[in-house]
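One structure below.
Letters A, B, C, D and E name the chains as they come in the text, with residue numbers starting at 1 for each one.
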Amino acid sequence: MISFITNFTSAIESLAKVHRLLPWLIAYVLLLFLPNLITATFGEYYVDLANRCCLFILLAVGLNIVKGFCGQVTVGHIGLYAIGAVTSALLAQNYGLPFWLSAPLAILVTCFAGLVVGLPSVRLEGAYLALATLGLGESVRIMIAVTPALGSSTGIMMIPAPTIGDYVIESFDHYFYLVMTAAIIGIYFSFVILNSSTGRAFKAIREDVIAASVSGINVPFYKLLAFVISAIYAGLAGALFAHMPPGYLHHNNFTVIEMVTLLLMVVLGGIGNIWGGVVGAIVVTVIYDQTKDYYFYQPLIFGITMVFLVVFMPRGIGGVIEQAIVKRKFIEKHEEQNLGTS
Amino acid sequence: MALLETRGLSKSFGGLKAVSGVDLKVQPGTVHGLIGPNGSGKSTFFNLVTGVYQPDPGSHIEFDGHDITNLQAHGIAALGMARTFQLLRLFSEMTVLENVMVGNHCKTSYGIVESLLGTSRVRQADQKMKEEMLDLLEFIGLANFADIPAGELSGGQRRLLALGRAIAMKPKLLLLDEPGAGLSPVNVDKLMETILSLKERYKLTVVVVEHILKVVMSTCETISVLDHGQKIAEGPPEMIKNDHAVIEAYLGRELPDEEIRNAIRGQ
Amino acid sequence: MDFDFGSLLAFIIFGVTIGVVYGIVALGISLIYSGLDIVHFAHGEIYMFGAFLGLVLSQQIGIPYPGAMIGAMVLAALLGMFIERVFYRRLTRSGGGYTVAGMGMIICGFGMSVALMNVAFLIWGADAEPFPVEFGIEPLEINDISIPPSYLLTAVVSLCLMGILNYFLRYTKIGLAVRAVAHNKDIAFLMGINVPLFISLIFGLACALAAAAGVLVGPMQSVQVEMGYLMLMKAFAAAVVGGFGSLPGALIGGILVGIFENLGAAYISASHKDIYAFLLLILVLMYRPAGLFGVVAKVKA
Amino acid sequence: MLNIKEVHSGYGKLKILRGINLNVPQGGVVALLGGNGTGKSTLLKTISGLVPVMEGSIEFDGQIISGKKPHEIVRSGLVQVTQSKEAYPAMTVEENLMLGAFTRSDSGGVRADLEKVYEFFPVLRQRRKVLSGTLSGGEVQMLVIGRGLMAKPKMLMLDEPSAALAPKVVLEIFSNIYKISQTGVTILIVEQNVRMALLLAQYAYIIRDGVIMIEGSAEDLINDSSVKDSFLGGTVANTKKSLNS
Amino acid sequence: DEIRVGITMRMVSENGQKYGQMVMDEIGLINEAGGINGHQIKATLMNDECKSDKGVANANKLIFQEKVHLLIGSTCSSVSLPIVDVTAKAQVPQIIPHSTNAQITQKGSAWVFRVPVSGRFYAGVNAKYVGENIGKKIAYICAADAASQNDCDAMQAQMKSQHGTDPAYVAQVQEKEVDFRTHMQKIKSAGVDGIMVAALAETMSRALIQSYEAGIGSDVRRIGSSSASNAPVPKISGDAVKGVFYAAAYSNADTRPIAKLFNQMVKDRYGIHAPDHDFSQAYDLIRIVEIALNNSDLKLTNSSLAADRTAIRDAIANVKNYQGLASGPISFCADATPQCRDGNKTPVLIAYKKGGEEFETEVLARVSMPEDFGL
C-alpha cells in the first residue's frame, strides 16, 4: 500500500516536471467525465451526492488551513459558511445580483467575518479560542434564526440558480462542473499556500508562537490571514450551497452538529493533511448518505468513530500514510549511519 | 558606532528588578560575552532586546541605527537580529529543514499575495532557498536529519538546530542564549569553531550568554557581567577573569583537579 | 419599556436561581480543566445523563429525591470514569493530543458528546420527560415575586457542594496533586503520583457535579436528550467569566451569566437570549482571558 | 542497588539502546557519559519507566522493576530528575517542592527535608512564594533537583544537573550532590561536564550508539586522555565524518 | 411493476417515529389486501431530522434514485418548503402530512397537496373564538420555530383585523426556551385576559407550568398553537394544561364511530393513550393516497414514469369531499392555488379538561372556513 502510494506520487511528480499544472489539468479533465460515469454506474442521484462532497471538500480544506496548518482551534467555521450562504442568497434575492456577482461579494463579506472570528485568536489559544469561536459561530446561527430579514424560522426560499447568459445551471451534472471546479481550485491553492513561506509561517505559529515571532513572523497578522483564507473557502462553499437548487437556506443547516461533522472529516483525513481533508470529506459524506437507513445509530457511530480516530489514529488516514513514509526514510537513514560508524 | 546599544534598559516583574539600568554597547564584528550568575537577568536582557518583552519606560534600545525600543519581535527580527532560546523552542512537529526555512522567513524575496498565488518566481526562490538551507544544515552537521521532525532529535542535536535556525535568518546580530549547555565536550569545541567562523566568514556580530567559561573566554573580545540585573563589570576576558567582583559573584576560583575534588567532598 | 425596581429585582432573582446551576456544571468543567488541562465538550451530556438517571431512580424505582440525587451522582461518576479510562486515557497520557495542546481532546469531546446523546436517545427517546417532585415546602414570596421550592433547593444544594469541593481541593494534598497532574503527566509520574488514578478521580468528581445539576434542574425544566448542549454553553461561559480553574469563580460566573441573560431577555430581546451568554463569554475572553478570579501562569520565554 | 542486564529500548519501532549492562552499587556515585544523542537520557527514562523496556531486565533494590509503571518505580525509591528541567510553572516554588514529597506521609520528615533543600539551595528559600514559571534557568535547575530530594529517594538519577549553571554554582551543586550521596542516597549522574563528573563519581560508564563502550573507575578514566577525544563526540560529529568520507 | 412511494419525515421525536411507523403499517395493510389494482406499493421511509438540507437530499434520492411515483413529506414546514420546489421541477406529486406553513401551497406548484389545515385557517378561527369568548387583551409568547412563528404572527394579524386589538404583550423567544419567568412576571403585571403560547410541545408545556408558578391565576385563559394537540403537552404540563384552548385538525374527543375506532386502533397498535392530529392526518393522507392510486391509470413501466406521476397528481387533484378522521371534508382541485391545494379547511376548537398521561379534551366547535380565507 505504502509503496503503491510512493510509486503513484513519484509518477505524479514526474508529470509535474513537464509542467507543474499538468497533473492538475489531467485530473480536472478526467473529473469532467465523472458525472457521466456516475450516472451510468450508480444513477443520477449520486451526482448530487458528489456535489455535496465538493462543498464539504471546500469546507474541510479551508478549515484545515486555519486548524491544521496554523493550529488555531476554531469551532466557528460553520458560522462563516452560513454567512457566505446567507449573504449571497440575500444579494441575489433582494438586489437581483447574478451569482457571479453575489458570490464574490459574499466571499468578501465572509472574509470580513473571518477576520472577526479570527480576532480572538490574537489573544487566545487552545480551548479558550475554541470556546470563543464556538460562541461566535452559534451567535451567527441564532442571529439568522431570529432575524426575519435573514430568513428566521421559515428560511430563505427560491434563491435563483447561477446562470450563464440565458442558461440556468440547475441540473445536477451542470452544477457539478461548477462545484468541482471550485473544489479543485481550492485544493490546488491550499497546496500552494502550504508550500509557500506563508504556509511555513502558519506551521511555525502552530508550533511555537514566541519562536515564530523572533524568526520574524508577524504572528497576529498571519493568524488573521489564516482565518481570512479559510473564510474565503467557507464563503465560496456557502454561496455555492445557497444557489444549489432548490435554493433554500435554513438556520438549522448550520448547527453544531454540522460543525462536528466537518470536524470529523478533517480528523478522519488527518489534521493538517490536505489530501486527508479531501478524503475525509468524501468518505464522511458518502458514508453518511449510505447509512441513512440506520439513522437511529448514525450519531453514535459518527461520534465513536471520531473518538477512536483521535485516540488511536490521531493523524488520520493521511497522517498515517505520511508518517509511514517518513519513518521508513528515517529508519533507513539510521541503519545506514550505524553501518557507517561500526 | 555600536551595532546594538542599550541605555538605561530596565525591566521589573512585580517587585523584582530583573534588569535595571543596563547600558551596553556591542561593537560590530565582535563576539560579545554576557555572563552572570543564574537569575542575573541575561535571558531577560535578550527578551527585551528582541522584543519578546516590552521594556520599562525610560529604556532605550538602538539597533543598527534604528530605535527599536517599542518594536514588536517580528519587526526587530526583520531588521536583522536573530536569537536562540535557553529552552530552545524548536518547531518540533516540523522537519529540521523546515525549521531552518522558517528561520529564513524574513529573507523571502516575494510578497504574501504572490506566495498565496504560487507564481513561478515563488517556486524558484523557494528552490534556491532550500538548497541554501541544506548547505547550512551541512555546515552545522545536521544534513542527514533534514527530513526528520525536530522533536525526535536528542538534546544536543536540538541545540545545534536552534543555532542553525538563528543563522538561517542571516542576521547582522546573533544572540545566543547558552548555546553550549548540554553539548558534549567535542561538540562544545565545534561550537566555538562555529562561532568564530560565523564572525570571520559571515562578518556576524555575536552576543553569547554561556556558563561554560571556556567558550566565553576564548571566543569573546569583550565580556559584560550582570549581577542582580546590573552591569558589574565589562572588559576583555583577561580583565574579567581577574576582576575581584566577578570572581566573587560568579566565577569562583579556578582550581586544579585535586582541589576541586576536595571542594566537592567538602574537605 | 417603563422601568420599575420591583421587576428588576425579580429578574435578578430569576438570574441567580438558574445561575447557580450553571455554576455547578461550570465547577465540574473547571475541575476537569484544572485537572486535565482540557475543556470537556461532552460535559453537557453527562449532565443530561445525570438528569435521566435521577429521573429513573426517583420516578421509576421510587427512591426519594435526595437518594436519587446521590445515586445519580455516583452512577454518573462511574460513567465518567469509564469514559475517561476507555477513551480519554490515551490522550491524557501523551499530554493533550496532537500538534496543538488539546486539539485532540476537543475533538474527542465533541465526538463523545454526539455519541452519548445518541445513546440517551436510544434508551429514553427524544421527547421531554416530566420530573415532578413534591418538595413539601411553600414557594418563597418576595413582594409579588414567587420563587418555587425547586429553585430554592437548587440554590442551597449548589452552595453546599461548592463549599465542600473548595475545601477539598484547596486544603488537601490531593488538590496539589490535581494541579501537578494537569501540567505535566510525566513529571507527576516521577513524583510518584498515581496519575491514572487521579485523572479518574477528577473526572468522576466533575461528572458527579454535573449529575447533581441535572437532577436539580429536572423538576424545573423537565428532562430531555438535547438539554445538555445549551447548559454546556452557559456553563462554559460561567467558567470563563469566573476564570477557568477557579472554583469560587465558577459559581460567581454562573450567577453573573444567569443575571446577564435574564436582564438581556427582559430589557433587550428575549429571542437573542443565548447570544447574551456568548457575548459575555467573548467579551470576558477578549478583555480578561483569565476571567474574574483566574490566574494565567506567566510562562517566561 | 541498580542492576541493568542487556536492556534494549527505544521509541516505537526505532531502537536506541542495544543491550546495555550497567551496575550501580549501594551508596555509590556512578557517572554515565557520552556524546549527544547516544542514548543517555533514553536509558534514564527506560529505568524510570517512561520508555518501555523491549528486552532485558532492570533490577532495583532486589526487585525487578522493568515493566512497572513510573509512579510505582518512584514509590520504590528510585527518583529521576529529567533533562528538560520542567517545574510546574503555575505553582510556587514551595508547592513544587512539596509535590516531590507526594509519596511521603511523614509530615515532620517532609518539613525537615524542606529545610535541608533550602540549605542546599538558599536561592529557593528566597523565592519560595514565587510562581516557578518565572524562575531563571539556573533557579529551575536547583528547584528540580531539590524536588527530587524531597521524595527521600534511595537512589537519585540526575540528567545533566550542571547544564546551564554558573560556574560557581556548578561546584556547589556537585558538592551538594556529594553531600546527598553521603547521606546514603545512591546516585547515577549523566553529565557533559566530564571533568567534574569524573571527579565526583567513583565509577563511570561511557555510552555510544546505544551500547556501553568503556567502563572503569573514575580515577582511571580521568587520566586517560583518549577517552574524551574518541568517545565523547557523539553521533552528530560522526554523522559529519561519515558524510565527508 | 410496483408503485413506488417515498416518504421523508422527521423521525427523531417519539410521535414522529410512531406515525412514520403507522404510515408504513397502513401501506403494508393495503399490500396485504392485494395492493392497488393488483400492484404492490413499495414504500421507502427516510428521516430528515427536520433539516432542510437533509430533506432535500432525501427527496433527490427518492426521486432520482428510487424513482418514486409519489412523495410523501415532510412533517416540518422548513423542510417541505424547499422540497416543493424539488418536486415541482422534477414533476413528482408531493402530498404533505403535517406542515402548516401557508406559503407551501402559495408557491404555485401544480404538484403539491396538503392534507392538514393550513396555518391561515387556524388563525382565523382562533381569533374569532378568543375575541368572542376569552377577551381581547392577549399576551403572546412566540417561539422561533417555523410553525409557531407562523401561528403567532397570523393570530396577531387576525386579532387586529377581526377585533381591532393590538397585542397586550409579545415575547419572541428562542425555539427551545425553557425559562419564561421574566415574561410571566411582566405578563402578570400587565393584567391580560389570555396568554397565547405558540411553541413546540416541550417549550409550550414549560411556559404553561411557569405561568402558574409565577402566580397568574386560572381566570386568565391559556391559548395554545396547533402543536398543543401533541401528546407530550398534557403529559409534561400536568394540571397546568387544564383549560388550555387550541385549534387542531382532529380531536380524540370526537364522538363519531370512525374516530372512536381510530383511537382504539392507535392505542392498541402503538400504545398511545390518545392519538393527536399528527396521527389522524397521516392516516387520512394514506387513505387519500389509496383512493387516488386506485383511481389512476398506471402503466408502471420504465418509460411511463412521467406519465404515471402525472396520472397520480391528477387523481389526487380529483379527490373530493373525502370524509375521514379530519375535522372536515378534504377536497382538492386541479389549479395550482392554495384554494385548491389546502385540502382541509375545517379546524376544530378544543380545550383540555384534564392533564397528565391520561389526558382528556373536549370539542368546543367546528368551523369551516372560506377557501380563500387569509390570502
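Going forward, a contact is a pair of C-beta atoms (placed from the backbone, for glycine too) under 8 Å apart; a residue touches a chain by one contact, two chains touch by 3 or more.
Predicted model only: the values in this text are computed from it and were never measured.
K.L.:
If you average the CA coordinates per chain, which chain's centre is most distant from that of chain B?
P.N.:
E
K.L.:
Please indicate which chain is farthest from chain D, where distance is taken between mean Cα coordinates of the chains.
P.N.:
Using the mean of the C-alpha atoms as each chain's centre, the farthest one from chain D is E.
K.L.:
Quick one: chain A and chain D, Cα centre-to-centre, how many Å?
P.N.:
From the centre of chain A to the centre of chain D is 48 Å.
K.L.:
Which whole number of Å gives the spacing of the CA centres of chain B and chain D?
P.N.:
27
K.L.:
Quick one: chain C and chain E, Cα centre-to-centre, how many Å?
P.N.:
38
K.L.:
Can you pull out the residues of chain D that are in contact with at least two other chains?
P.N.:
Residues 134, 235, 239.
K.L.:
Identify all positions of chain E at which a residue touches two or more other chains, and write them in rising order.
P.N.:
144, 172, 174
K.L.:
Could you tell me which residues belong to chain A and also touch two or more other chains?
P.N.:
142, 146, 206, 210, 330, 337
K.L.:
Can you check the complex and tell me which residues of chain D touch chain C?
P.N.:
48-50, 69-71, 74-75, 79-80, 82, 86, 88-91, 95, 98-100, 102-103, 131, 133-134, 147, 151
K.L.:
Mind pulling up the chain A residues that touch chain B in the complex?
P.N.:
That would be residues 20, 189, 191-193, 195-198, 200-201, 203-204, 206-208, 210-219, 225, 229, 326, 329-330, 333, 337 of chain A.
K.L.:
Enumerate the contact residues on chain E facing chain A in the complex.
P.N.:
Touch residues, chain E against chain A: 11, 46-47, 49-53, 56-58, 60-61, 63-65, 77-78, 81-83, 85-86, 89, 101, 103, 107, 144-146, 148-150, 172, 174-175.
K.L.:
Please name which positions on chain C make contact with chain A in the complex.
P.N.:
Per the touch definition, chain C meets chain A at residues 33, 38-39, 87, 90-91, 97-108, 110-119, 121-122, 229, 233, 236-237, 240, 244, 269, 271-272, 274-275, 278-279, 281-282, 285-286, 289, 301.
K.L.:
For a test of understanding, state which residues of chain C touch chain E in their complex under the given definition.
P.N.:
Answer in residue numbers: 7, 10-11, 14, 18, 121, 125-130, 132, 139, 144-146, 148, 221-222, 224, 226, 230, 262, 265-266, 269-271, 273-274.
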